[in-house]
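Heads up: the structure comes next, in structure tokens.
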Amino acid sequence: MDSINWRGVFPAVTTKFNGDFSLDFDAMAQHLAFQLDAGVHGIIILGSLGENATLDTAEKLELVRFFVERIQGRVPLVACIAESGTREALQFLVAATHAGADGFMLLPPMRYTGDQRETLEYLRTVGKASQRPVMLYNNPVAYGTDLAPADFASLADVTAFEAIKESAADTRRFPEISRQCGDRYTLLCGVDDLAYECFSLGATGWVAGLVVAFPRETIRLYELMMAARWREARELYTWFLPLLHLDIGPKFVQQIKLVEELHGVGSSRVRAPRLSLEGREADHVRQVYEQAMATHPLL
Amino acid sequence: MDSINWRGVFPAVTTKFNGDFSLDFDAMAQHLAFQLDAGVHGIIILGSLGENATLDTAEKLELVRFFVERIQGRVPLVACIAESGTREALQFLVAATHAGADGFMLLPPMRYTGDQRETLEYLRTVGKASQRPVMLYNNPVAYGTDLAPADFASLADVTAFEAIKESAADTRRFPEISRQCGDRYTLLCGVDDLAYECFSLGATGWVAGLVVAFPRETIRLYELMMAARWREARELYTWFLPLLHLDIGPKFVQQIKLVEELHGVGSSRVRAPRLSLEGREADHVRQVYEQAMATHPLL
Amino acid sequence: MDSINWRGVFPAVTTKFNGDFSLDFDAMAQHLAFQLDAGVHGIIILGSLGENATLDTAEKLELVRFFVERIQGRVPLVACIAESGTREALQFLVAATHAGADGFMLLPPMRYTGDQRETLEYLRTVGKASQRPVMLYNNPVAYGTDLAPADFASLADVTAFEAIKESAADTRRFPEISRQCGDRYTLLCGVDDLAYECFSLGATGWVAGLVVAFPRETIRLYELMMAARWREARELYTWFLPLLHLDIGPKFVQQIKLVEELHGVGSSRVRAPRLSLEGREADHVRQVYEQAMATHPLL
Amino acid sequence: MDSINWRGVFPAVTTKFNGDFSLDFDAMAQHLAFQLDAGVHGIIILGSLGENATLDTAEKLELVRFFVERIQGRVPLVACIAESGTREALQFLVAATHAGADGFMLLPPMRYTGDQRETLEYLRTVGKASQRPVMLYNNPVAYGTDLAPADFASLADVTAFEAIKESAADTRRFPEISRQCGDRYTLLCGVDDLAYECFSLGATGWVAGLVVAFPRETIRLYELMMAARWREARELYTWFLPLLHLDIGPKFVQQIKLVEELHGVGSSRVRAPRLSLEGREADHVRQVYEQAMATHPLL
């Protein structure tokens, strides 16, 4: 199995829709070029930000094939596995591998919050079946199931598990995983507005959200942090922070898609049951965006 | 649209699997007969207890057709709609109606916890498209989204919405819905171990769980409560309560399926990521079951 | 030790303040007469509704002496023990007994949420030291510590513990305590807007809140429920419910005191850090009150 | 008003008890010398770790006088205000100022979780009355009330408020307070096992817990972080972390006092309702302690 270099900035891209809510491949091609030009280190599709829950299996595989074709191996294409059944996860794993995905981002089961035995069994089953590297994704805030540092330690024998995206919004997890697992896993920050502290604690990768509109800024911040130029990083981060907060909360998809639209690199269209922001919620995003543009730093 | 009489006991039946986890139609046929013989007033399939999240669309429709055929109109067959996308919900609605479902039990969207505007829009969209009666199902404990009594009042213009299954585990909801909606909806208890208080507060239907093993006992209790024979009802309820508690908690499916197995009317098999109970958890269910059998009242 | 008859309506009265926030004994005397005239079965002072946390020890004992003197043994005077330290609880127990309290309502420790061992040790220590009957008071919603039915079973050897005020807002607790403890304890409802279901489940006492403004209505409802005249009880309860909801939430003290003021039987004055309601919150209480008065039933 | 230099390590010391649970001044004198010798920058008494809730007013003031006398102005003596009533808070403020306290650490009201209006009014009332500098203390995890960055901004006009102890366990608060309040406040970390990220985000003070047993290690870590010697700091932090985790959870007082006892600088005695740790909980602390000692770094 070829490893993936998980260090770097991995945009979790949005899925772009036409007016009839079918997949808008032109918009996605254009956006992909925008990201690759800025120098991102990988592309993640079908994540929460990609509205995974509203895509059917055929669409998911079509998206894998489309991105694989367009990326042409320049950076790894990582597909998110977020399924409710073990059977469905394994089926998708095989089909997406066949369709060319370079690796996977694996969530615990959707809809059913299992106990530790069930969750680890699920992850282990999928991980052992995988012929591609897998990044484990922990997000108890959004999905209910929590993977503790000790769980990652117990999964260390599964070769495919190379990296961890930690989104528990509890920064303690980073040094604790390091203490319990050494450097067994590459650690990625999964929450935009915790990026600074995550990198200070040893994260070397970033599954990023606002990057979809601001790839140059995200990469610049990443580089400053990796170079331990903390003072400059803090300055850029302080500017970025109100935007990065939009990566949080139940409507982060609508918020980030609105930012993409305001920035001219996407549309605010979301599939139902999500609805586009209105009123005060939309106004808030617009104000944050405009304030950020008005004070944009030279990079 | 033909109304459904939602008064009565509606078992939310389990989905039965063969050793290879394919659908076990023989077991389901046998179990259906067991329920109908006992006099249940309707059958609900594809609910949480039916492991909805691990069934694919083809299986769901196959189950609808199978139950419709077997029930032959003796009681209504109600199919649960628990989908992540509005598109998927509408597709299933149409297909299941075509397959013969008499009505639906409708949950808010899975996986995405929307705000009130999004949730009501979703329910309204599905409800307006339905040519069959719909029971709204509120279960914030399991699914995160909460429908308040005022929400039910605001949905009262959708003709298809005839009934409410209240599973908020907050009995205040019953008198409050009555106060705000009058008798617009038939109210059904959705939590086995709150049945007594729900009926005392005006529920006239029961979407029941332990009924799958104990239909006679459930129906007897129902009849006593409807006849306001509260003292006798309390006595039966007190006996039943330890079993009814098994309808609660993240593993209620595994618990109830184990009771079915112990009672000789089903198997404890569940589809992954769920795993069958082990050790102390299984022992607890066995003890509750045995204690209940040892003290079983004459009916 | 003389037992208390815990069956009946026990108002948890508010503490009344002068304009300078000193104790207003005249107002309390007048209000006490209003309650006794209506036929309440006991009086509880120093509870949450009595703003226990803002009274110093001298004031608490002064209030005990004052109420004892005025009641003259017509009904039991019950003082709430809500202390942060075991030492302080024991000191208050002794002093309040000396001051004439007929019994106590005992909360778990304030400010520190202990584990089961610590909580039971605290209750047991106070209970064993008491020469007066004690009602255990469970309110995890407001105070964090939860007493399960099994905890009450394990405390059954402490003679002083005669009654339980259950305010977990989980009606399951009532039949479950009965199942595990038989009739060892008198069960009292502690949440006004769950009274109907609590009595249907076997409560025979009511530590009531809105009674402070509506004693006749509360007692009438109590009598109907105890006589199993459920249909009439439901009717009265439905009228009462919007008022009873004011017994809930972090501002129930301010809400109930405003109702007292509107009803001419008290003042909305509360001690800081509490502040009297303003704006929409006050308007809501006023609307509920006026609507209730406009539809007041003949008793 | 003389300002306090809030930069540095401020131990929140434990209150030491004799076998009869009276105050053990000898033990406290000895422990104070131990802390001052190690070079701590201030002393905080009467905090949560000081078992504030089990001390009566006379004891609190005796402790203030005792510490003031012994410290002799070498470092500031800060007394925690954690009262349930505004009246009590003001009384204690005046008395403790008179007794010589150099400053205060101010919590929102105990026992009553007010809304924003009530909480800010409380803080403002105490802050305006204070003739000594005050550090605001935010700890929603332990006390329910949460002060948002915007609340600190709105309190900026109260001169006495010089510093913030942030214990929300949400590191986002640090850059967000900085963004909204500039350098108006000195920011102190209030959660031992988040110290590294807090300092990386701009904290310059540390209200520390495990310092009571390990002052040299805490101060060394502090100095490394302030000098931006992050690599060395990370190494020391990694060693320290299992101990620092003991600053978390409902039993952090018992845990830290046991560490003091194991380290020969205190006793595990706590006042009831707290009980000393037993069995597995005590064993866990012992193992953490022994492992830390076995791998203790040269400083």
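Residue numbering begins at 1 within each chain, and the chains themselves are lettered A, B, C and D in the order written.
Operating definition for what follows: a residue touches a chain if its C-beta (ideal position, glycine included) is under 8 Å from a C-beta of that chain, and two chains touch if they have at least 3 such contacts.
Worth saying up front: this structure is predicted, and the values here are computed from it rather than measured.
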item	value
Copies chain A and chain D touch via same or different residues, half shared test	same
Chain located farthest away, centre of chain B as origin (C-alpha)	D
Centre-of-Cα separation between chain C and chain B, whole angstrom	37
Numbers and ranges of chain C residues touching at least 2 other chains	none
Arrangement of touching chains [line / ring / star / complete / other]	ring
Complex contact set, residues of chain C against chain D	21, 53-54, 56, 84-88, 108-115, 117-119, 121-122, 125, 250-251, 271-275, 278
Of chain C, residues touching chain B in the complex	169-172, 175-176, 178-179, 193-194, 196-197, 200-202, 228, 230, 234, 237-238, 241-242, 245
